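Here the chain labels run A, B, C and D in written order, and each chain numbers its own residues starting at 1.
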Amino acid sequence: MKPITLLDPSPREVKLMFQPGVLEQLQEMVELRPGPEMHTYQHPTPEEVDAILPETTYVIGQTDLPRERLETAPRLKAIINVEGNFFPNIDYEYCFSHHIHVLSVSPVFARAVAELGLGLALSLARQIPQADAAFKRGRERYGLDGNQNADLLSARSIGIVGFGDLGKALLKLLHPFGREIQVFDPWVPARAIQAAGAVPVTLEELLTTSTAIFVVAAVTSDNQGFLDRAALEMIQQDALFVLLSRAGVVDFEALADTAISGALRVATDVWPEEPFDPKHAIRRAESAVLSAHRAGALYSCFYEMGERIVEDIALMNNGLPPSSCKRAEYETVTRMRSRPVQRS
Amino acid sequence: MKPITLLDPSPREVKLMFQPGVLEQLQEMVELRPGPEMHTYQHPTPEEVDAILPETTYVIGQTDLPRERLETAPRLKAIINVEGNFFPNIDYEYCFSHHIHVLSVSPVFARAVAELGLGLALSLARQIPQADAAFKRGRERYGLDGNQNADLLSARSIGIVGFGDLGKALLKLLHPFGREIQVFDPWVPARAIQAAGAVPVTLEELLTTSTAIFVVAAVTSDNQGFLDRAALEMIQQDALFVLLSRAGVVDFEALADTAISGALRVATDVWPEEPFDPKHAIRRAESAVLSAHRAGALYSCFYEMGERIVEDIALMNNGLPPSSCKRAEYETVTRMRSRPVQRS
Amino acid sequence: MKPITLLDPSPREVKLMFQPGVLEQLQEMVELRPGPEMHTYQHPTPEEVDAILPETTYVIGQTDLPRERLETAPRLKAIINVEGNFFPNIDYEYCFSHHIHVLSVSPVFARAVAELGLGLALSLARQIPQADAAFKRGRERYGLDGNQNADLLSARSIGIVGFGDLGKALLKLLHPFGREIQVFDPWVPARAIQAAGAVPVTLEELLTTSTAIFVVAAVTSDNQGFLDRAALEMIQQDALFVLLSRAGVVDFEALADTAISGALRVATDVWPEEPFDPKHAIRRAESAVLSAHRAGALYSCFYEMGERIVEDIALMNNGLPPSSCKRAEYETVTRMRSRPVQRS
Amino acid sequence: MKPITLLDPSPREVKLMFQPGVLEQLQEMVELRPGPEMHTYQHPTPEEVDAILPETTYVIGQTDLPRERLETAPRLKAIINVEGNFFPNIDYEYCFSHHIHVLSVSPVFARAVAELGLGLALSLARQIPQADAAFKRGRERYGLDGNQNADLLSARSIGIVGFGDLGKALLKLLHPFGREIQVFDPWVPARAIQAAGAVPVTLEELLTTSTAIFVVAAVTSDNQGFLDRAALEMIQQDALFVLLSRAGVVDFEALADTAISGALRVATDVWPEEPFDPKHAIRRAESAVLSAHRAGALYSCFYEMGERIVEDIALMNNGLPPSSCKRAEYETVTRMRSRPVQRS
């Protein structure tokens, strides 16, 4: 008898996460419920969920799981969130006290976010989009004339705010750009930052001394808007500022002002609302580089979700702890403050 | 008595190459000629050159040095080209048989070219300039919708054509993006490519299997246009193609055609003529990323020229061989086919 | 009010783990019990433990903690094992269902074990101890004559059995020695091994193709003696075999036979019993290199225990999960089969 | 017509340098002289040399080549020294003024010397040979008892004296052991040391602050005995001192005194005379590790000589400069002061 798995990934599409060969591997290891209709966008109905849970070993998706429902699921070993965020629709206390892993596929985004982050930083440093647009309009300027606002990333002092999966992936790409990369993360001991080859610093040290700043901190109940106007004003004139994680960690209007005035060279992939105000003045900030929440949403990331789920179910079926998805922590799971994914 | 140095860097400006502290260091080690008027664009006159050469130990610049002149310069130890190219205005045979080093400051460009090259590749892979332009026009598309043509650089197979200073600098930045980076360079033994952590391959292997190709080969009398239409047709559909060294190594019209048709995603920093034809269709190639010979011409590169010159003069004054500038080779110096720099 | 901490580290000495400054930091964060008498070898008495537990937030040591005792400790957040092994004297089920972290200081040993492991491998490859002994006896042989049994580690194919903290630390030191280092660990997904820059393989692939094998697998109830005589016979003649984790993972007599016959070049730091049989023939195995459980037991490792404990208590006092010590896993904690530490 | 090559490698054996496949490659590219008798130890006779030189393009070996002989060899392109040292039996002035490359196979030793150097350092830090000897005598001490004189290499401050091929190869192996490795080499600009990821320092800084010192400086007419008693006294008590290049760079008796007194932990692979005084007190220095000039003389190094020669002849046959062997420099070739190899 294969373990029963409730498949409820909406708003993610099953076929986007599980490529054919991977879906086959999954089905060799578990029995998926509901059955054939699963390749759709629809949630299972509440009645279907209630019917399936008593036999369920794994849940893939963001199903509402209050205590009453969890109590009906004595075999449950893991709930695998496929959005990359944790919502308050689950009784986490119950999960942790009953050895139910709460997992997220969020590591699939780390490499993609890091690559875009580096691409945005190099775009800011060398004004690649501006030069491309000028060339396409027939207004390019050659050589040094075209480089009046260009310089080396490796000549800058690099700082990373946040040292979770995103920060670690970014650091790997940035290593060839600097020997003394600074990292701030109050959740991570200095030792771990040093072991990764970076220099642990306070937020103030980072903001006042780094001239290429990457923000990859998650939003929690503790840190909303911690990069406020006063913090942004600590940053040196003309520094690169690349915002990759969530708009909620900065005072976005203050950041937009620095971009518009040219005080900082700002690239951002995240926005307070999406779609963003079509009239907002940041759209006219010449030196800025703007990206519409495109850092992580690559097809290859979605495919990797299915692969990581298969890897962790293989481990759990063998009586081992999962390790390919990210495990929620009892202490912090309820502090996360992300907004739900709209689609895909 | 300090060694006499003929300073004739035009079209480079003295003050662009030698920042104040560096000029001071230089003047502590050598006596510059001509004297105070040197901080200008003008060449010394032929008469001045003729008068200075008999006492000269070092020449900084692209001075015409036929045999007749060299014979008047018995103390000459080094000629330091500051353009980054070697021209046929020097009797190299004479230099090499008289222990006169022929040096170039070209290593100053390696890091800058490598950074732009990686920035262009990430821009192509993630369509950063296109997405920025769309956002600034209010036409951005979010998440997966905006990523229909985006993918990971690290998911591609990377190939580098040319393994001189540029190729080596690029490889260092690309290491975190792939474990099996392919390199083609017929002038470099396989051992040296392997020692640098890359995989030596033939040009055909590289073109048919790499899906992110960086071209950093110098133009020589042997390789003009070696990336012709047939070679470009060997490359896989939708591969990234980043041209960084000289337009002369490719059939540029064939390359433009692949960019316009979308067969390849092309980024180029070099052009058959500059300024480039304002009506050329490549300017309308949507997925391409265009840059106007901006890879190396950063202020910091020019400053580094002065630093490297000072470093090598310090070594030579101590009876040691220079090592910070690039040394021309007797066998290849006359094969180089670069065009002169216009200005800066 | 500072959280109460039961300090019961025996057989480790308090002063060996906590250097003066670190002990001070600890005491700023917690109140240690029992009080002044703690700087000794003695366990608190059972009565003392019983009296302290009801107020205790952290336990440092290997105190017996059956369910009855744990039920008296409602504030308990973490039990920090300082031996590096988990014993069956704790009701782990209770801990995990009550959000009590079970931690081990074992990461302190990783770097030290890795350094000795590499030192032993180089000693085997170059016969350093044998050459040193010969030189000290006046029987050295020079140059190639002395190198009849010496070769490069980097010319060998390297394999690592076990990819926990030790395997990861070892891989970092071995990276410059080979681009295709093989790793076998059935508890770790292939993806994690690849992400670390190594090649995941089966045990059979590793044993039949690696010619420098490092064994750093922990002993569990599943893998005792898994490197049996048949497995050892799969290894190529003259391969290096470095045993670092526990003697229990190999058929030690079979391993000794390969060392004595010279079939393999064996280095081992671990032994079936300690002290080991003084008459055992492996002591006369000329090409072997023998070490008396010295891989991890460095003063600096003990000092680091205290530092990591302080780091994790700081995190837990701030409501965050610990991350500097290793966390036991619900699924595997009871499978571990190490012997207790005798002293230090 | 293949270029004629004078093969005169003695005291190296032809078959030790050229493995069968490599010899075949060589013979496809050049015609070897003298003919079949070359697979022997004997030099060609002076008469044979005189007869062959007029047609010779390449010389492999240490043949006497005064001006009179060189003048008879108008086709000569390269002299390839296979000892790794340059002797005053060649008119180097003539070679450099006639575009004749003077090459050495010495790069073949770099990796082997670096591996032994690291092995010796780890042996000193962990007292591996001492512990192995004790175990083999039945006098081993376990765990911390056996580690009273052991510590981590990565906890020490590392310094490298000399940054030629050996220093660079060593640095690559040492990178995982420290982020701030210090390098002293007066022939190398600071920029090159920094580009390799190390920290350029003065000799005094290195000696007074490094606690693990590797000496890989070549002996020149300038630096004989530069690590004299006063220099050694600047080093911190109990530092590791690993001597790998030539005994001539240190005051060897002073170094032996530090080993005997235990002031430093000394490993040396090189000796003032070989064989070394059988009664010398350094043989009784307990904490020292002694090696009889075994760093480079591995079979694989000799095989690599032939491979590098083939690589460079392939380049030169194609009109390119050699790059796989090391090129002597006009300025420094006559300053080298190594002793000849006795045999192999």
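Basically, a residue touches a chain if its C-beta (ideal position, glycine included) is under 8 Å from a C-beta of that chain, and two chains touch if they have at least 3 such contacts.
Since we're looking at a predicted model, the values are computed, not measured.
Among the remaining chains, the Cα-based centre furthest from that of chain C is the centre of B. Chain pair with the larger contact count among B-D and A-B is A-B, by C-beta pairs in contact.
One simple way to say how far apart two chains are is to compare their mean CA positions; for chain B and chain C this gives 51 Å.
Note: centroid distance chain A to chain B, computed from Cα atoms, is 37 Å. Shared interface positions of chain D, i.e. residues touching 2 or more other chains, are not present. Of all residues in chain B, only 111-112, 115-116, 118-120, 122-123, 125-126, 128-129, 131-136, 138, 140-144, 146-147, 150-155, 172-173, 175-177, 274-276, 278, 283-284, 289-294, 297-300, 302, 342-344 touch chain A in the complex they form. Partner chain D is touched in their complex by these residues of chain B: 96-99, 187-192, 307-308, 311-312, 314-315, 319-321, 323-324, 329-332. Residues 179, 197 of chain D touch chain A in their complex.
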